[in-house]
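Chain IDs A, B, C and D follow the sequence of writing; residue 1 opens each chain.
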Amino acid sequence: MGVNTLLRTTIGTLELKNPVTVASGTFGCGREFAQFFDLSILGAVSVKGITLEPRKGNPPPRLHETPMGLLNSIGLQNPGVEHFIREEIPFLRRYDTKIIANINGNTIEEYRELSSILNREDVDAIELNVSCPNVKEGGMVFGTDKEMLRRAVRAVRSVVTKCLIVKLSPNVTSIADMARICQEEGADAISLVNTFSGMAIDVQSGRPVFHLVGAGMSGPAIKPLALKKVYDVYQAVEVPILGMGGISSGDDAVEFLLAGSSAIAVGTAMFSNPLLPVEILRYLKSFTRAKKMGVEHITGLAHRGGFS
Amino acid sequence: MQCVTSKILSVCDLGEEYYRIILERPENMVFSPGQFVSVMDQNSPDLLRRPFSVASQTQREILLLIKEVGKMTKRLRKSSPGDCLSVMGPLGKGFDTSGQNKALLIGGGVGIAPLLGLSQELDAQGRDYLCLLGFRDECEPAKLFKKTNLRIHRETKEPGFVTDLLKEVLQEGVEVFACGPLPMLKAVRSMCMEAGVPSQLSLEEKMACGIGACIGCAVPVKNNSGTVYKKVCSDGPVFRGEELAWE
Amino acid sequence: MGVNTLLRTTIGTLELKNPVTVASGTFGCGREFAQFFDLSILGAVSVKGITLEPRKGNPPPRLHETPMGLLNSIGLQNPGVEHFIREEIPFLRRYDTKIIANINGNTIEEYRELSSILNREDVDAIELNVSCPNVKEGGMVFGTDKEMLRRAVRAVRSVVTKCLIVKLSPNVTSIADMARICQEEGADAISLVNTFSGMAIDVQSGRPVFHLVGAGMSGPAIKPLALKKVYDVYQAVEVPILGMGGISSGDDAVEFLLAGSSAIAVGTAMFSNPLLPVEILRYLKSFTRAKKMGVEHITGLAHRGGFS
Amino acid sequence: MQCVTSKILSVCDLGEEYYRIILERPENMVFSPGQFVSVMDQNSPDLLRRPFSVASQTQREILLLIKEVGKMTKRLRKSSPGDCLSVMGPLGKGFDTSGQNKALLIGGGVGIAPLLGLSQELDAQGRDYLCLLGFRDECEPAKLFKKTNLRIHRETKEPGFVTDLLKEVLQEGVEVFACGPLPMLKAVRSMCMEAGVPSQLSLEEKMACGIGACIGCAVPVKNNSGTVYKKVCSDGPVFRGEELAWE
């Protein structure tokens, strides 16, 4: 892809050649999707959630389809940060795209240690995931309790000099309050939303489908809810937003920009259409050209009267 | 691996529960027995693709053997020649057919699908094998198999399960290939391990990406430090009975 | 319908011949759907939200379809409580079904006055709606702020001797906390969920689709989220639950019972299938017969190991 | 009013944008001009039904005139004779045809649909009328109308809008019936009010229930205390120009 200034955008200190990124956990570390398209077309890749030590993950079943939604309970299965540094960074560096390391922990200490390790490595940004609903300890607690969130962001900020993105949970009364805390504690950007807390029950057995009962819901079903969260956060804070949640078309991506996202991430919808990022990028190219307006001007335009 | 549009060439009922679909084989999509495709129709009300074994292939066609169980399998059955499907494949790792011993293929219900291509491969290799196919009631799909080397078990006609047939013929020096419902696979695995016979089992698990990216299709597998979860879609769907850490 | 003891259930002091009810705002006061089926088959009817004075409602557009979801911004248009008493109660009383009056206000005083008026009238229960996202004042504030919720429930409870159901908003960090407050303040039952806060943006104009920006989302898309809320509330309180949110089949209804609902309400899915309540009732009849278990035993069974 | 399954008898293109569908008329479903049905197909990925005017009816059939704009209208076009739809109807209040004056029917785009049945009704009554139909480009659907009493305006061929035709013929003592895009309806309404001519406008609004239960399809209407919202689906879709409180 040649340089297209209309598509340029920044999330905090991270400059992206275009606003199309992929959501953590839906894209592995890119190897699988690299079979379908050149990862260099992407503005950034947010990799599968990393933890300090390898994680086994949750027992199956881990997936359940719902009307236009997906419940998952992966439980952060991953081979740990050492493996990520050794195997995945070099792989991703072969492509012209930014690397966002999605970090997860059970304790503040773990978050701090993991982020200080990654801060020394060749990644472009650190995405502090305080919103994983699929682990027993830690995880979403940091994203739903204001004091915990503050402590987590503060601890990580104190060791991270790279771009720090905090990924918020949508499962709160006021996501604006959570975003303000992130801003106060010096986060460079906010990504939202992570999955919504949901569940399913098998009517024949009468028992919850998932071992941990709850699971995280993603996909087009949640798009209107996620969009509202982005809109609310844009109104509350100055830090830029990496918006996601159910994006499955170019129009969806534009909606997220208009609501206030500086960049967007595609997730669940790639499972059925692996070429979706390519299609969205193509759409944004023609959309920005038709509107004669760059992504940075479209960001948040719904708050300023729209196109006119 | 690719994701392309492919035309439906024919849809044909095989009794009440089963049917087969013949698709135009996308160029360069070559399947080994046990591999699968993941399909979607454009007007679909489903979010996710659906995985189906490639039951057999020719130069220009691939055959899917399908059991009607839910939304997509109901809709597919109603499709017409000329309709298009998005097909992703080839997916997964198929059966390892490098062995030399006599092969016992055991399948339950629609689980016989990947065994069809496997039996054709063994025929081509000239390797000795026997197919044991079990059905609850209807057994139309068995007609796709060569009549020689075939034994069929119907639960509604005979007492017991298809694994009873396996018991009769299981002996040292054979290799077992199985696909079917979980309880059947578990029984096959125990029988083989007891008899000291190697087995290859083709598993099913709910899938989202189908290509190994989401880690959603986990199956517990033994390793030196205990158990780890592998991915049915990309590490499998075929696993050796001995490596599985079931129960 | 003859008496079927397997289907009997109670929500608080309200005895229902079966657990199938219809959700407030999706059924008017029953006149329209009475063209499709005999309202007497229903356990109860929750009528369109009532206010003290007539309400004009929000300007159009009021509806927007999303993937398996519906955004609405009706704004509580209704002809006021006097009209309800004069016209709708007599109409509904022609049927053998319970009447649940869904009440709405901008202030605690309004809630109290409205509920004391209705407490004297021939309705079977009062459903205190503290969760309407589609009005500028009041509405959801009472459902998302703990102290406001407490004051609203206390005020209404002090004048209501009939069965008092509090309808909770799902747009909170901990719905269990909200349910506990309702229980502490003497609510007889809890109904949930009301709509999730969402929005849509028109990509051509670049502006929000709805005048109030936000709208309430309902329909199958939210079912897994609503189910989780019911599950959480069942664990937190003893008061019975009237469960709803995206129910569109008999299996969905059973899931809500298993999660902890004593009765269920059908809403958005009736718009495409007006006979859905009839179908669900038929399904529950055969399900309870097959399982040899009444609705009251199925309620909450997912917390107790399921069928076995 | 009922909600029943009805068979598609034929689907026939009328140019690029438009097509017509003929459905088996459900027994006892009788429509007056301007009334509509709300349809859904069982395999639909949509949550809501879609409203369509009944463009005309015979003893056994109803005709829908449809413009392809989105998901359902795309899918419907691909349906085959014999496919079934769930049809709810008759819905809404149609045009009031009790007047005696000469009628001017003005329609824009697919808005001509309810005018077809209306023109047939006026023919049957022997009432004098003139149809003014406007299209952006293609005007195939106009062929459904009787050639006498018909004038067509195509934006790509002539400058201006179909309302320019109305301007030419609008005079005291006529009654105007209109259906089409909102800007057209607003223009028609102003012109009629200025000319002191009564108008009946058939409106569109997004619908959920289609029967008056959800109050989702609001249109502002004047009453003595200001404006109130009425329901397009059950109070309309036809409203008198004078009663609307637009702007």
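To be clear about the criterion, a residue touches a chain if its C-beta (ideal position, glycine included) is under 8 Å from a C-beta of that chain, and two chains touch if they have at least 3 such contacts.
Quick caveat, the model's predicted, so the values are computed rather than measured.
Peer 1: Among all the other chains, which ones are in touch with both chain C and chain D?
Peer 2: For chain C paired with chain D, there are no chains in contact with each.
Peer 1: Where centres are the averaged C-alpha coordinates, which chain has the largest centre distance to chain C?
Peer 2: B
Peer 1: Could you tell me the distance, in whole angstrom, between the mean C-alpha positions of chain B and chain C?
Peer 2: Roughly 46 Å, centre to centre.
Peer 1: Per the centroid of Cα atoms for each chain, what is the distance between chain A and chain B, given in Å?
Peer 2: 36
Peer 1: Report, in whole Å, the distance between the mean C-alpha point of chain A and the mean C-alpha point of chain C.
Peer 2: The computed centroid separation for chain A versus chain C comes out at 34 Å.
Peer 1: Name the residues of chain C that each touch 2 or more other chains.
Peer 2: Answer for chain C, listing residues that touch two or more other chains: 64, 67-69, 219-220.
Peer 1: Enumerate the residues of chain B that touch no fewer than two other chains.
Peer 2: Each of 45 in chain B touches at least two other chains.
Peer 1: Just say which it is for the chain contacts: an open line, a closed ring, a star, complete, or other.
Peer 2: Topology of the interface graph: a ring, with each chain touching two neighbours.
Peer 1: Which chains touch, pair by pair?
Peer 2: So, checking each combination of chains, I get A-B, A-C, B-D, C-D as the touching pairs.
Peer 1: Given the complex with chain A, which residues does chain B contribute to the contact?
Peer 2: 1-3, 40, 45-49, 88, 205-220, 227-229, 234
Peer 1: Using the touch rule from the top, collect the residues of chain D that touch chain B in their complex.
Peer 2: That would be residues 43-45, 75 of chain D.
Peer 1: Please give the residue numbers of chain A that touch chain B in the complex, ascending.
Peer 2: Going through chain A, the ones touching chain B are 25-28, 31-33, 35-36, 48, 56-65, 67-70, 72, 74, 77, 219-221, 268-272, 274-275.
Peer 1: Would you pull the chain A residues touching chain C in the complex into a rising list?
Peer 2: Listed in rising order, the residues of chain A that touch chain C are 64, 66-69, 71, 144, 171-174, 196-208, 213-215, 217, 219-225, 227-228, 231, 246, 248, 251, 254-255, 258-259, 298, 301-302, 305-308.
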